[in-house]
Every structure is written in structure tokens, then in C-alpha cells.
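Note that chain A is present in both complexes that follow, paired respectively with chain B and with chain C.
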Partner chain A sequence: MAEALKRPGGELASRPLHFFWVVDCSGSMYGEKIGTVNHAIQSTIPEMLDAAKDNPNAQLLVRTLRFSTGATWVTPNPVSIEDFAWDDLDASGVTDLGKAFEMLAAQLTIPPMTDRALPPVIVLLSDGQPTDDYKKSLDKLLHLPWGKKAVRIAISIGQDADDDVLQQFTGNRELVLQANNPQALVKMIKWASTAASLVSAPASRPKEMNIIPAGNNTPSATNAPLVLDMNNIPDPGSIGANDVW
Partner chain B sequence: MDGQLKTGTSLTAESSNKYKVISLLGAGGQGEVYDVECGGKHFALKWYFKHMATKSQKEILDNLITKGAPNASFLWPQDLIFNGYGEPFGYIMPLRPKNFKSIVDMMKRRAEPSFQSLCKAAYNLTNGYQKLHAMGYSYRDISFGNMFFDPDTGDVLICDNDNVSANGIDNSSVYGTPRFMAPEIIVGQAKPSRNTDLYSLAVLLFYMFMMGHPLEGKLEAEIKCMDIHAMNKLYGKNPIFIYDPNDKSNRPVKGYQDNVIIYWDLYPQVIRDLFTKSFTVGLTAPNKRVTEKEWLEAFANLLSGIVLCPKCGAEVFSDVHKHENGVAQTCWNCKSAVSMPATLVVGKSRVLLQKDAKLYAHHIYGDFDMNTVVGTVVQNPKNPNLWGIRNESSENWTYIKPDGIQIPVAIGKSAAIAKNVRIDFGQMTGEFK
Partner chain C sequence: MKRIVFGESVQGASHKRVDKECQDSFKKIEFDDGTVIMAIADGHGSKSCPYSKSGSSIAVNVFCKVMDEFHTSYAENLEMLLTYLNREGDTKVAQAVDAEWKRRVLKAHTNHKREVPFTEDGEKNKVEIYKQYGSTLVGLMITPIFIFAFQLGDGDISFVDNNGFDHPLEDEKILGVETHSLSKIDSWKKVVSAVRRRDESEGLPYMLMLSTDGFANSYKNADEFQKTCVDYFGMIRQYGAEAVAVNLKDWLSETSAMGCGDDITVLIAYYSDDSKLENEADANG
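What follows is the complex of A and B.
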């Protein structure tokens, strides 16, 4: 008797999930700050890969945008997480955040974006004030369908970061994560990297926790559980220099 | 990867067993899982994050440990490590062997069970939840992540049992997983219960058999951004089954939902009927959902109704509806006609009589035991053209000829397979068709 054939069909259908690291590489990031960022993001890549392997609903595509004097795509095209490797960034120049928003907006337009996807995730890391006029390009970004739908997270590095600007980007104070020391920075980068899995396959919602809706409209029913669970954002107050992992 | 517990840490459990932390295996939303060792044996330790180490979680665990596992398919809490409220705690359970794969592995085609193993896994999974519900519990979070299976045998292991609690009592910390949550939970009208478990189970079974989601058809294909609002609408506010016989608005779309199109017609009508009931009536009437018993009867017949296509070797499911309506059965792979062997019909059970086919306790006692073999289809050693069923049970059977003559079939003896002959198995009588 012949051996049984493989069952027909292909993998479970999934949608692309675009993940953007947007990193401030201005002169004030020079030294330990950019060193910590490079190390922390590189360290999260294998964890992002592991999470992607367990996620049947998404194809995770990653890209890096750096901004200082002007802005440049480090990876001009979306790279599958399986093939993504972190290229160390160096820091010098000013903080042309507006230019970064402009370039993000260009990539979040359809095309090059496909019209069917999961919400993109944008993680913006910055330690200072924008030196260019960011308002117009931010406005443009936030009016794009994919810009509006994107889960936008900011990591505010040190005391000099402009949290008001970052909040204009995230649309939500709680998604401006405070990183006032290297340990906190590492933790926040790690948390932000998990947003990809939260967006595509949100975990079971723990009950009676602080939940932030992922979109603009709060679901009408009080119990509606399909919300992005931000409960595990590390509390900056609880992270000290002695907090070792 | 660093966790909350350091390698080598020794933890004393309530049983006074001492467990040594070996390594971190993984982390989830509620806590971390470690490989731990006690007396030369390895176990898994789930260690809660501080904010999840609650009094109600501790009470759930105490109860689960006292009551014990519903059956061997559960990686059930068996010991507790607890040093007082305010301190982190965790529980011990058996470690999952490496040959068990996740449903995600199946969805990504990293694990390729045969149809036989797939049906066995579906059977074992449903049987496990049936036992759990029979104990008065609900599971609350049936989804991809909490069940593992052996692609070679169809054995299953159900994990993450720490949310299991008495049905109707709202003390666990989960609402379920998107895409698996019953619509009434999504719209905020209900909390997890045995009936919402039945919905999630049907979704998981649909994923396993059809490699797609029962509500993802045209309406999903038309959604651009699959965000929370879209998910709420698709799975909660406006759910429409892709094969709803009375509403064609959400049929699967070629190019987007190819798997369900391939698989839907491959299974017998009875399976399509159960899924249709699950996602039409069952969407809005939680107490009319397909019960585990209905699934188990159907899966038992699926398991005993597979033939290999003589031409290409593909596993083909016999369909009693086609048989009764005189419709030819064809191979899904090479499309050639497949003739079906004779069938032994005992109550609701149907067993195709082919070489080495097994008769299980469930077939003759209706007890859902699909592990204990009570008979095997064998060839007559003197005349290989004659086939029979050998009695491998612990009771004598009675062979009833068409003319009414009765012949005892002692244990170890075989009864010839012939038209219009019946076998009295003691509790039930079977007939060859």
C-alpha cells in the first residue's frame, strides 16, 4: 500500500506587519546613549524572531530609519525578521525629526504599502528637541490611513527629550516611555519590540488592568476585550541602577 | 534570555519537595516557565509576574492541585511554591516532551500530521475538554497556544490550565484570545464559561481541519487594516460564517482564503454540518453549540472511515451521505474513484472493514474509549478471500445469521464478514452494510 500523502493546501494565510525603528542619531546621542540603543535593539532581534515564529497571523517586516542632519533609511526596503540584522548607528549632527516623519509618511503611503495589512508599529527613540519644522510632516503622517492606524510608541531618552513633541506623535501620553537611565532604556526597547505580537495576536486580556485602546475610538462596550494590553509597560519608577537582569 | 529566577535557585514547594531551577524555557503575558529538577526528574515551573501573583490565582491553583487532572492529556498543576502573599509564586506541572508540536507549527506547516493523526488529535483534544467540563470547570482560553500534539500519534497535551475554574464563577484573570473568543464575550455581553469554551473549541477544530478561520471570508478580504476595531466587527459584532447556507455574503475568496476552499469539501458531510451548526446557530445561541459528545461521535467515525487511495496513496474520508445517495467517492488528490469497503454499523458508529482495521471499545460500548482495541479485521488463514473480525474483547460475542441461527464468537475467534449478518456485542448489536 502506498504511503499516505501530505495534507493539501498551504500555510495559514497571514498579513504583513511593518515594524519601524526610528532612531535619533543627533550629536547628543553620541557615546553611551547610541551604544546602549545599538546593543539593546540588536539583543531584541532574536526575541522578535522567536515571537514571529509563534505568530501564525503576521509576516513581520522590519526597517530602520535614522535621523540627525536629515534622515536616511538604513534598510531601504522592508526586511523579513528572519533576514533582519541590526547595523550599528553612530551619532552626530542635529535633530531633523520633521525629515524623519516625512520619510516615514512616504513609506506609509499606498503604494509602496499594500492595502491589506496589520497595523504598522513605529517605535521612535529620541533624546532631544526637533531642530526642523516637524509639525507639517507629522500632520501629513497622521493623516495617512496607515499613519493613523499605526501603533506609535516613543521612547524618551534622558531629561532633555521633548515629551510634548513625542506625545503629538504617539497621540497618547502613556505611549511615551521614559528612559532616564541605560537600564530603563533597555527595558523600554525590549517592551516596544513586543508590540508587534500584541498588535497581531493580542494576548489574553488580564482582567481589571489598565487597558489602553489601540485606536482612536474606545470600544463602546465596557468589556470589549480586543484592546492592546499595555499593562506590561515597565514602570520607570521601579527601575533603578541596581536593577540587574 | 534572563528571567526572574536565577539558574541553580532552590525552591521548596508546599509538598516539601525541593526544586532546582535549571533554565528559563519561555515567557508569556502572565509569567515565565522554567525547567526545574527534583529527585533527578524534570518538571516545568510557571512563575508568575508580580502583578499576576494574586490571591485569586493562588486559590484557583490550590483547588486544581487538590482535585487533580481530568485525564492524562493535561499538564496539570501538581505542586505549589508559595511563601506568602506579596511574594511571587508559581506552580509545578509535568514538562512537555519535545516530540509534541504546537498548533502554530501545524498552521505554519512545520508539523505535518497525517489526516489519521489530525483526527486523533482532534478526538483527544475534545475528549480532554469534555472531561474538564464534566468536572464542572471551564477553561476560558482555548486557542493556538495552549494545546500541543504529537504529529505521529495524535496524542495531545493541554497546558496553561491555571485559569481553569468552576464554570460560572468569575475569578480567573482571562477573557480569551482574539479570533477564538465567543462573539458574546467580544461585545461585552458575557464572561468566559463552558459555553464560550465550546465556541473556542469549534474555532480551534476548524483551524486544525481547514487551516483557516470560520469567519474569515470576503468580509475579511475586504478589510484593509486588521486592527482592533476590524477584529471586533469581524469576530464580535457582525460574525458571518464563510459557508453559512443562508447567507452567502462572506464566502472564502480565492487568493486570500485558499485553504478553506481546498479542505471544506474534502471531509464528510457530517463534519461540514457540525461546523455549520457551530458558526450559524452557535454564533448567537451559546447553549445550542455543538457539544463535545457530538464532535467525538463524528471524529470517531472519521477515524474509522479513512481509506488510502489505491492509485496515489492519499487518505480519503468515506462519506456516508454520498454512499447512501449513490454518489461515487473520489480521491481529493488524483480525482480517481475510490471504492469503499464494507462497513460495520453499530449504533452511531461506522467502521470501514479493511485490512487491520481496529474495532475500539467506543464502537461496541459507546463509551468514547478509542484506545482500547476490542477487535481487528483479519483474513481467514485458510481462504484469504474471506474476511472476518477477531474478537479481542473480554466478552464473548454472538454471530447472528440472516436465518436467525446464532453462533457464539469466543474471545480470540473471528466472525466472518457477510451481508445481512449481525453481531451481538453484548451491549450493542452491529450490522454489516
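What follows is the complex of A and C.
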């Protein structure tokens, strides 16, 4: 009988999956909105942890970026979901979304990203209009190889959120989730958190041509619609419709 | 000189968890003149590609058939074949593979009486049918005087000898989970190919390895992957190709489980000096 030999080779590793919570902490988020965000994101951690355990071949790494007057990494380095803890955010200041895009872009370059990572997931939550020049840094973000490939979801909080800006970020209107009350915000945050489990066990697929409409130099969301099942996005109209921010 | 060609495909760990079949395929043909044709293919496996196992199987068969025909046509003059493949590898050869894959896919779809999608004009929607069989294709033709490498989509072609690791051909690296595919119209335009003149008995021993992307993606980085290829070569030298072949399936299953979870296929052609191989076998009892 043939000898059983020990497997040769270099160091094996699951594929990293970077998940970013990008949270608007401007003054208009003060009170119930930021409180709901804190509670809802905190409550997604056990489910994300369970989903990660179901797929040991992906390493789910989570980070939080807050923006108001300027932007700051709440989690300076990627943290494994097993070790991730949510630090409650407070709200004050203006809405420097451009700064947030700039800091995200710095983290989506290679390095620190690797080319064997799974497509990153970015969930942006905002209730207002950018107060800085966001276009240049958004453009830079969306032209990075991993910026293009990222699954980009936005949660539009309340009536005053600028959905056009959020759509420029997601590249897809359907991925701008409407949260006009606390119940809807909780549901949308939970739905967005499930993107990690969908991206973590991907099947390969043919490369599609990126078709960019004339006059629009923003890359389309090439990955997100194919990775996510957008049919199960909660219907905002059916969630506490009488309770509107 | 002695040549041994062997390989394995294993179902990925993440595919096992959801009971999804292995969508990789591989095939090899060895000729009396010493020529080897070998190919691997990785079916896409996404929901929109339900027959990608058939697609990958068709892909490796088509590559071997097309290259077999070239080999037969030029058997008496491999120099001419070298020149032809150098000039037309990523054009006429690629076109022949592309066209034959699509022809066979349509035939398989009809033979299996699978649902036929239609365009708005009521025509058979061939594009949608091809998509259901999506696959990559990576192949080699190794003759006594040259090596021809062919690649459409992800996967790796690796060469290892006593001097270390080399990539005879590198495809465009696409981030994420997308890849170039035979299923696309004019897929041949994405083929990359290369011809290297090489006397097969020169620089023995050496190894040529084809692997699907599940193999490289299971390693921490490119350096670890290259180290792995060198280690496999070292194992063959130390224990003999037969011992490695026997263990290969378990190794690849373990690699997938501890790595990216994808299906993995590895196909190896190992060339060595006869006398040295015997010595190695003797040394290993």
C-alpha cells in the first residue's frame, strides 16, 4: 500500500472579506437616530458571527468609520468578527462625507488590501447632505479596483438624506435603502449586514463588460446586483409608515 | 528521459457544505512521439451557470481535440507547428476552441432536452445557453521541441525545475470572483497564449503544473503559492510521482478545507532522467 505523505506547501489561509460600517455622526443624527444605529448594528453582531462560522473559508473582518466634522476610524485596524465589539457613537458636527470616502479609498488600495480578498462590503448610513466636496474622493474611490468591485449599500435615514449622493455611491438606486423611522432603520441595517454572508461564499462568474452610460463617469455597481438578492430588501412602505423622521 | 502525467479534481470544502458538485474538469492525452496535451477547466458554479460542470468537461475535451488535430496535421514538422502556434495561438487556435466549445454546448443542450431560452424576436437565445455552461480553460501542449501554453480565464500555469519557479504564461488578474469565460461572445479575444522553444530532455528534472484558481487562492499570498509548487516538485523528486499521485486527492481536499473552500484541480507533467528516477525509487525502497 502506498505511503500516506504529509501535504507539502506554503501557508494556507481563508480569503479575507472586509466589511465596513460607514456612519454619519453629524449633529442631525443626534438622539433617536444615532441611538437606533448603535442598537441595530450591535444587534447584528451575533448573526454575522453565526454566518461567519458557517463559512470557515472566508475571514470576516469588520471596521467602523465615523464621519461628521472630519472622519475617524473607530476601529483603526480590521477586526475579526469574533473580536468585533460595537462602540456606541455620538453625534455632533457637520457631514464631511468626502473625507470619509477619502479614508475608505486609502484602505481599499493594494496594499493594504490583497488581490486574493473577496469583494469588500461597504454599508454607508447617512441622513443629510455632504458639507464638503465629496465628488473628487468618491470618484477616486469608485475608480480603485476594489472600489469598483465592492458591494456598496447605502441606508438613507429620514426625509432629508440626499439620495442622489447615496446613489452615486452605490451606483444602483435599489441599493439605497430607505429608513424613515426607527423600525425601518433596524430592518435595513440587518438586511445590509447579511451581505457579508452572501459575499463570503461566492461562485465565480463570467466577467461582464462595465457599461457606463454616456455622460456618466461613475462606474456602475457591477458586483452588488449579482451578489445580493435584492428581492428580499424590506419594503420601507410597510414598516411603521405613520412614524416618519 | 521519463515522463509522468497525473492529476486530480476535488470538490471544494464550501461546495461540500451545500452539496454542490465539483465543477472542475481535466484531461490529458499522451502521444507516441512524446507530445502531451493537457487541459483543466473551472466551471463557474454561479446560479446562472447550472450546467458549468458540462461546460468545463466540454472545454477540456475541445482543447485536446483541437490541439490533437494540429498535432496530427504537423506531426512531421513540429518546427512549422511551433511557428504557427507562435503566430496564431491567440487568434486562429483560440477561435477554433471558442467555436467548437459553443457548437458542442448547443448540441449538449439539445441532446439533454434542456429548456431553450428565446430572444424577444423568437430566436433561440444562444447567448443565454452559453452562459449556463460558463467555464474557464487552461491548457498546455508539450512537444519534444516546444511548449505551447493557452489560457482563457483564471487558473495558473507553473513551471518548476532545480532553478525554482516560473510562470510560462500569466493571464490578466481580475479581482474578486469574476473571470474571463468561454461563455462570452468572442471569448477567443480574451485568450492569452505563449510558445517557448524547449528541448524536452533539457534541464531535467522539471515539472509543468496546471491548476484552477482554487489552488492559488487557498494560499496566503503568491509567494506561498509558488513555494507550494516548488514543494510539490521536491516531493516528486524525493518520493516519486506515483506516491504523490496517490496522496494528491487528500492533499487537495485538505488545501481547500483550510484555504478558500473552492474546487481544486491540479494536473502535473513531470519529466526526469530515467536512471535518476530509478535511483530515487530505489532510495525510497
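Note that in this section the second predicted complex is superposed on the first by the 199 of 245 C-alpha atoms of A that agree within 3 Å, B and C clash if a C-alpha of one lies under 4 Å from a C-alpha of the other, contacts with A are read in each partner's own complex, and residues count from 1 in each chain.
Rule of thumb we're sticking to: a residue touches a chain if its C-beta (ideal position, glycine included) is under 8 Å from a C-beta of that chain, and two chains touch if they have at least 3 such contacts.
Just so it is clear, the structure is predicted and the values come from calculations on it, not from any experiment.
After overlaying the two complexes on the shared chain, residue contacts for A:149 are found with chain B and with chain C alike.
Of the two partner chains placed by superposition, only chain B is touched by A:47; chain C is not. Set against each other, chain B and chain C differ in how many residues of chain A they touch, and the higher count belongs to B. Contacts of chain A with chain B, set against its contacts with chain C after fitting on chain A, overlap at residues 2-5, 7-13, 15, 54-57, 115-119, 145-146, 149, 201-208, 223, 226.
Chain A meets chain B in the complex at residues 1-13, 15, 47, 53-57, 115-119, 145-146, 149, 199-209, 213-215, 217, 219, 221-229, 231-232, 245. Chain B meets chain A in the complex at residues 1-2, 28-30, 49, 51-52, 102, 104, 107-109, 112-116, 118, 141, 143-145, 163, 172-179, 181, 185-189, 191, 207, 211-212, 216, 221, 223-229, 231-232, 235-236, 256-259, 262-263, 266, 308-310, 312-315, 332-333. Across the complex, chain A meets chain C through its residues 2-5, 7-15, 54-58, 114-119, 145-146, 149, 201-208, 223, 226.
In the complex of the two chains, the chain C residues touching chain A come out as 13-14, 17-18, 42, 44-49, 131, 134, 136, 154, 173-181, 183-184, 213, 216-221, 223-228, 231-232, 234-235, 239, 242-244, 246-247, 250-251, 254-262.
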